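Heads up, the next two complexes both have chain A, just with different partners, chain B and then chain C.
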Partner chain A sequence: MATAKLYFEDVKGDETLPSFQLTVTRTHIVKYIGAGGDFFPIHHDEEFAKSVGLPSVFANGLMHGGMLTRVLTDWAGDGRVGRYKIRFASMVWPGDTLTFAGHVVKKYQQDGANLVDCELSVVNQKGESAITGEATVTLPTRK
Partner chain B sequence: MAVKKEMAGMKMEEFEFPVERGKIKEFANAICDPNPVYRDREYARRQGFPDVIAPVTFPVASSFQMPSDNYVLETSLKLGMDPGKSVHGTFEIIHKRPISAGETLRGESVIGNIYDKEGKRGGKMTFVEMKQNFYDEKNELVATISNVFIERA
Partner chain C sequence: MAVDRKFIGKVYGPITYEIGKEKLKEYAKAIKNPDPHYMDDGFTKKSKYGGVIAPPTFAVVYAGMLAEPLFYDKELDLNLFMLVHGEQEFEFFDVVKPGDVITSKGTIVNIENKEKLDVITLVGESTNQKGTLVCKAIFTFVIRK
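For the complex of A and B:
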């Protein structure tokens, strides 16, 4: 491997991961559906969504769940995520501005691997949680 | 109708999942991640990967390679679930190693655990886990997906 983006020794116990924001459009939603393959009509068919009492289509959770992985990979480098788990807390609507964030919760060695556990979140413009997540990344050491 | 708990552990489908460079780029575009490791083969190789690698949640896109048209919906119905009363609770993926373009994985869809819990506001909730395992050409497990759906009584 070439030089790593992040070494285990350099991780601080309470480190904040790089965050970013994005305002969701219907284009984001259909683009993700087209790439991901979940064609349940509630995510792309406005008439269907309204017929079941919703104000509009809402995003597939794995859309912002997929966007959120960037918080980890921009920080830890590529190919380092061993475990990624997300819980869907509320629906995301077109027009929502989402903040993607994360922080380190634990740094440890296990079975010869250098592991860092992180907590992750997607929160909307009202401060409501859309996703809570947890992940484990494996990092190289300097020596 | 009660969820058929006896289906826990049952293998539902098996399929081939070719990991294609163009599909990886399309998926990376869809999750708005500009990282060149998902697009530029030379960049990926300089990092020690054989080709561009797949984003963390990319194996989700294997849905296009499954025999069923809508696996989750069809499987929910086979399990006796009511799709109108169930929500997607959690998604988890375990990677044993990064997945690269040019590999052909073998996917299998399996029913995981099925169990009941009492809801916080009363009422029974049934948790249904749907898993996908992905194996490489050497038949080694490279990734596992676990989706949990929750049905309220």
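For the complex of A and C:
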């Protein structure tokens, strides 16, 4: 749960962020579509997906792209993500087991703000990248 | 057929979206982030925000609506079956809360014609009812030829 109270002084600069895993089901996908609003049929209509040559529906990138933010919010707390950039490397299918992970790459101060840069990833059970990403969080100091 | 670069600068929106509390909770559950800041009324009453806030990527709901007029733009005539979401970037400037009225406007800032694909970059800027910029969203779509 992201009730973390992390301060800039606590960051070493190379730590690993809390990771988690999830096996994707069609229910995860349709639940995300209902909440997110992207009703392009390739993500929820199995017959349609097969008609265009795909083995099944596949997840909207921003489903696991949204899930990945938990790596940041569980660690840094809320309202602290300033920049979040993700690249979609491969499709995510029902049955895939995804590992969501991240680590700190840089800690610095700029224009009076205390910033920490992180690298993020979503990898499937075969070790293939689904997402690579980077984020910057802004942290308070103890003083 | 390549996407014509003359559409660089084309604007979509403004689109207005009012943030609803239950929608934020539904979204937080769907991205499997059970953070109490997004869904626990009792907890958030005592938080520094005084109520539920939006998960950062909820921007895909209020700013992501800009993608729809782009996808179905008859002038651009995109082949949606060959379109994939290549990259997504967000910059967040302020928290978003229930009751906020968010207005988003999108601009095509680049179209690249490569040998086997076209790349379209759409930048969305979302402001709240006070005129404060809350999020800048950069969508990169790839259309295979």
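Here is the rule we use: the second predicted complex is superposed on the first by the 139 of 143 C-alpha atoms of A that agree within 3 Å, B and C clash if a C-alpha of one lies under 4 Å from a C-alpha of the other, contacts with A are read in each partner's own complex, and residues count from 1 in each chain.
As a convention for this text, contacts are C-beta pairs under 8 Å (C-beta built on N, C-alpha and C of every residue); 3 or more make two chains touch, one makes a residue touch a chain.
Keep in mind that what you see is a predicted model, and the values were worked out from it rather than measured.
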Q | Simultaneous placement of chain C and chain B on chain A, clash or fit | A | clash
Q. Touch check for A:Gly102: first (chain B), second (chain C), both, or neither?
A. neither
Q) Thinking of the overlay built on chain A, is A:Lys31 touched by chain B (first), by chain C (second), by both, or by neither? A) both
(Q) By the touch definition at the top of the document, which applies to A:Arg83: first (chain B), second (chain C), both, or neither? (A) both
(Q) Does any part of chain A touch chain B in one structure and chain C in the other, and if so which residues? (A) 1-2, 22, 28, 31-32, 34-38, 40, 52, 61-63, 65-67, 69-70, 73-74, 78-79, 81-88
Q. Which residues, counting only chain A, touch chain B once they are in their complex?
A. 1-2, 22, 28, 31-32, 34-40, 52, 61-63, 65-67, 69-70, 72-74, 78-79, 81-88
Q | chain A partner contacts - residues on chain B that touch it in the complex | A | 23, 26-27, 29-33, 35, 37, 44, 46-49, 53, 55-57, 60-61, 63-64, 70, 72-73, 84, 87-98
Q.
Taking the touch rule as given, give the residues of chain C at its contact with chain A in the complex, in rising order.
A. 23, 26-27, 29-37, 43, 49, 53, 55-57, 60-61, 64-65, 80-81, 84-92, 95, 138
Q. For chain A, which residues are in contact with chain C within the complex?
A. 1-3, 22, 28, 31-32, 34-38, 40, 42, 52, 60-63, 65-67, 69-70, 73-74, 78-79, 81-88
